[in-house]
Every structure is written in C-alpha cells, then in structure tokens.
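Multiple structures follow.
Here chain A shows up in two complexes: once beside chain B, once beside chain C.
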Partner chain A sequence: MDDSRGDIVYRMARPETLKITHLDSFTAVFHRASGITHLVTSPVPEILAALGEAGMRRVDLMARLSVDYLLGDADEAALDARLDELVAAGLVAVA
Partner chain B sequence: MNDDTPELPNTTRRRALMLGAVGAAAVVSIRPALASTAASISTCEIPVPDSGRAGSYIAADGTVVPAGTRGAFAPPGRPFKGEEVKTALAGGQLPGTNYEQSRAYTNYIRRLQSGTSGFTCFASLQMPRG
Partner chain C sequence: MRHVFQVRIGPVGFRIGSDWRAPIAQLEALYAAYPKPVDGVPDFTVRLFAARPWRRIVRPAVMIGGDYVLPEAAPLPLAQGLLAAEMGMNLQMALGQRHFLLLHAAVVERDGQALILTGVSGAGKSTLAALLSLRGWRLMGDEFALLDPATGLLHAFPRLVSLKNASVATVAAEVPVDRLGPVLEGTPKGTIRHLVPDVAALAGMDVPAKPALILFPSFGYESATRDVAQSEVFVRLTQASTNYVAMGERGFDALTALVQGVPARAIDYPDTDGAIALVEAAWAAR
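Now for the complex of A and B:
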C-alpha cells in the first residue's frame, strides 16, 4: 500500500476567508479572496468540519470521520480523491 | 476507576456518511461571471438610491429613508461611476460631496443587494483583476 501521503497534514482554509451557507441538498462555500463559490455535497462539509484550522493527517481524518459518522465506504482512495478536490479548489491547504 | 460504562446504542446517534467513488466529484466551482475590463469598471454606474426610490434620502448608515428625514442626506442627483466608487471605497471621497455625504452614500453602496440597480457594477469593483 502506498502511504507516501501519510504524513501530509491537511487543514481547512481560515474560516474568516469563507462564508458557508447550508442549502437543502448541498452547501455553498464562498471563498472571499477569489470570489469563487464552491457548491459542495456530502462528504465535503463533514470533512471540512473535521479538519478545522488545526489540520490533521489523512489517517487521523479517517479515524475522526469513522467516530463521528457511520462510514459506509471507509476507503482511503476515496478520501484521497475528496482531499485532492478540496486542495485543487483552494478550500484545504497542505503542510 | 469505574469501567462499567453502559453500552449506549450509537446507531441512532451517528448518521451515515459515504466518501463517494474515486471518480466522482463533490465540488463544483462557480467563477463570478462578471466581466471586469478596465473600461467597464470606469463606465459602469451606481445610482444612489436606485431609480425605483429616486428622491428618497440616504441615512448616515446607508439605509434609504423618506425624503426630508432629519439627519439624512438628499440624494446626489447623479449616478456615480465605478471608478469614482472604487476610489471612495479605498478611503477617498465621492466627487461633489462632503465627508458625511460621501460616507452615507458609500454605506448605501456597500449595502447593495443582488437585484438592485448598481449591484453588478459594485460587485465588479471587488473582483480581483486578471
């Protein structure tokens, strides 16, 4: 198993840079600096809430999500895909 | 230490969450569809207040109040250009106004909502250029 990403720490963009509004079937995240609105669906709001400003590694994030939710598909590749999306969107920073 | 913690049924407390397929997308990004060329910023206009409320006065905090309201300011009588508003928002003053008038008018502009005349011009002033 390739765990070269195991040490990366993911953290949410600072909360004051975002305006988050929960709509019926998705959540709108307005990123003030870029003026871009990201429409996100589950599990993205849950991931953002879990990461917070302190940030965490992928394994800790998976563990946290498993505690807070009934994870139907606790697949590392799927979590990586979600994290990659969030990093590409600028909503999550890596350290 | 007491280890006899009761087993609480946790199926009703936690809700289900799916991480989703690797190829699926959970983020759709919408870029603001406002053209912000230099020409359109300097020539777009913001009426104070919008034409539907022409003649109403502007209170110091930017709210629109009936004409003649004590302490409020008469409307400027002409719309402001985007470039003028941009200068005022950066700490300058709107042309033809004194300090209090300029502050009241810029507060009005800051309160503009989508659907009100001038909102698009105001929003385009705040877009990062390039």
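Now for the complex of A and C:
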C-alpha cells in the first residue's frame, strides 16, 4: 500500500453528474460528462455508496466495507486499483 | 436526380433520387399504398447514382449516396437497384435517426402490446415477423424498432419486409404474388425478395404500441426457451442499437426502462412451425 495516498479523500462524483440504475447482475452507470455508460459489478456500487458525497480516506473506506460486507481476503492493493480506475472514469473524485 | 420518389414509413419521410427509372418504378409499385412525407418534407434523402457518368448506360452500377454515406460501400448492379434503395434508407435511419432509440429488431403487435424480436443477422427476425403477420399479428417492422424515449412506446416502421434465401419460398407459399417484389439474385446477402406489408400494417402505421415482451430467436437448434437476465438484455440491446451512444442520456433512460419493465426470453427453434409455437407460448406466459 502506498502511504502517500493515505490522506487523500475520495468521494463519489457529484450525484448530478451520474445516473445509476441497478439491473440484476450489474449496475449501469451513465456518466453525463462523457456520455459513456459504465457497466459495473461488485465492489464498485458498494464503493460508490460507501464514499457518498462526503467522501472518506481509503483506510476508512476499507474499514467501512469490512463492516458492511464479509470481505474474505480484504486486499488493499486491489482497492487502490479499483479507486484509480473509478477516478480515471470520472465516477470518483479526489478532494 | 432525374427520377424521384417520396414515401413515408411510420414517422419517417424519405426522398429517393435515382439516375435510372427502373428502381424508382419498382419503389412506386411496391410502396403504392404508402403515404407521402408530412408536408412533402422528407427526413432523409437517398441518392442512387452512377459510379461514373458512362456507367449509367454501360453495365450500370448503382452507388448509394445521401445525407449519410459509407465511403467504402461497393456499387450494386442496376438489377439490384431496389436493394440499393432499401440499403440507403436503412443507412440513413441507422446513422441519422435522433428522435427514437433504434433497435435492430422486428416488431409485431397484438391487442395494443408489442413483441420485439431481436438477434443477429440470420436469426430469423424478418421471417418470423412476416409469418406472425399472417397469423393475426400486426407487423410494425422487420428491421428497426423505434423506441420513443419520451413515452416508452414503440413506433411502427413497416418498410418492405426483406426476405432472404430460404425464407423467400417459406413466406411466398403463404402470400399472393402481388405482395412480392422481384427476385433479386446474387446480392451481397444472397437471394432477396421483398414482401409488401399487409393492409393492417399500413392502416396501423401511425399507432404506437407498448412493449410487452422481448424475444431473442435463434434458428437451427432444438426447441428451447430460457429467461434472459436484465443485464444480458441490456448488453444485447446496446449492441443491437445503431444510435445508443448518439442518443446520450435519453438513450440510457429509454433502454434501462425497457429492460427493467419488459420480460425477455431466448427461444431456439428448429423450423418455422416450431418458432411460431414457441413465440405464442412465450407470449401467453409473459
């Protein structure tokens, strides 16, 4: 885990920039700025819901996800990778 | 253009211009019962023109032009001018339609409710739609489903039904010859023959319908039916749409509402009788 990320606060992109529709086995997220539809599965919807508008640091996010879900092998590197992807896609912003 | 034909198919008006008389004469005959564009103003223009000036006379070759073109499209022989016109009209719709979310699908209607048949080319959409239209269903279209994002309703686009290869004989056996166009042999899609939609399809051209069932037919397998999950339906319909990306958020809203509100099943069928039975059973169980 890269400690230089420790103080970064991640938050879900502003709600007005996204449209989220839950289908059965994945969630369709329309990103208004790019016009792109993202089809995402766990843990992405859970990450977006946990971060919310207020946002949180990744260590807090991992703790929250661990409380809300049974994370068999919680992998911080994997969480970092997912967060980086979501930031790149515009679905998550860094404060 | 020397020769011009105008027609309205459902909510869409076309103007087809041609260097030759023959394709226009065929269109006039086959679309004789169709209305003209509203106020005489077409939505799309198709041009059939000679690849070179002399090719209008010597071994005539038809190029397809219009508001939207595929630059690499190869010319067709003049005998297939009708097919060129149809391809040009489809191309304008596929690339230029902005009002409706377009799904590559056949649609039939009964009791005000619409059945969407979608799938890869060769799955039997046109054949099934034609056969169902001979069994009490109203044909709304064999090529494009027009989904109105504002209402969630499907609008009819009952162009000539394009029968291909084996389905030509299957359908021709059940309809009078005056509803069939010329046999077009050796086209890029094989043998093609057009079927004029029936009176009910034309009379109901401006009557939309609420989508009630989505079917994904596959020809060439033992009879089978399975439910299709919303997520799979969503992916398959984005692939079946020619303008999902261009429609932006309206397309997203329309498609997610359709997927969440309408049941979907895949049907495998070995022959047309089997297909009709599966469609009716799925319709009854929707």
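Note that in this section the second predicted complex is superposed on the first by the 93 of 95 C-alpha atoms of A that agree within 3 Å, B and C clash if a C-alpha of one lies under 4 Å from a C-alpha of the other, contacts with A are read in each partner's own complex, and residues count from 1 in each chain.
Basically, a contact is a pair of C-beta atoms (placed from the backbone, for glycine too) under 8 Å apart; a residue touches a chain by one contact, two chains touch by 3 or more.
Since we're looking at a predicted model, the values are computed, not measured.
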{"item": "When chain B and chain C are modelled together on chain A, clash or fit", "value": "clash"}
{"item": "Partner chain in contact with A:S42 - chain B first, chain C second, else both or neither", "value": "first"}
{"item": "Which superposed partner A:D7 touches (first chain B, second chain C, both, neither)", "value": "neither"}
{"item": "Chain B versus chain C as contact partner of A:A77, first or second or both or neither", "value": "first"}
{"item": "Partner chain in contact with A:L65 - chain B first, chain C second, else both or neither", "value": "first"}
{"item": "Which of chain B and chain C A:D24 touches, first, second, both or neither", "value": "second"}
{"item": "Chain A residues touched - chain C or chain B, whichever exceeds", "value": "B"}
{"item": "First (chain B), second (chain C), both or neither touched by A:L86", "value": "first"}
{"item": "When the two complexes are fitted on chain A, the stretch of chain C hitting chain B, from 20-28, 56-64 or 146-154", "value": "146-154"}
{"item": "Chain A residues contacted in one complex by chain B, in the other by chain C", "value": "35, 37, 39"}
{"item": "Of all residues in chain A, those that touch chain C in their complex", "value": "19, 21, 23-26, 28, 30, 32, 35, 37, 39"}
{"item": "Sites on chain A touched by chain B in the complex", "value": "33-44, 46, 65, 68-75, 77-82, 85-86, 89, 91"}
{"item": "Chain A-touching residues of chain C, taken from the complex the two chains share", "value": "229-231, 234-235, 238, 245, 248-249, 252-253, 256, 259-260"}
{"item": "Chain B residues within the chain A interface of the complex", "value": "11, 14-32, 126-128"}
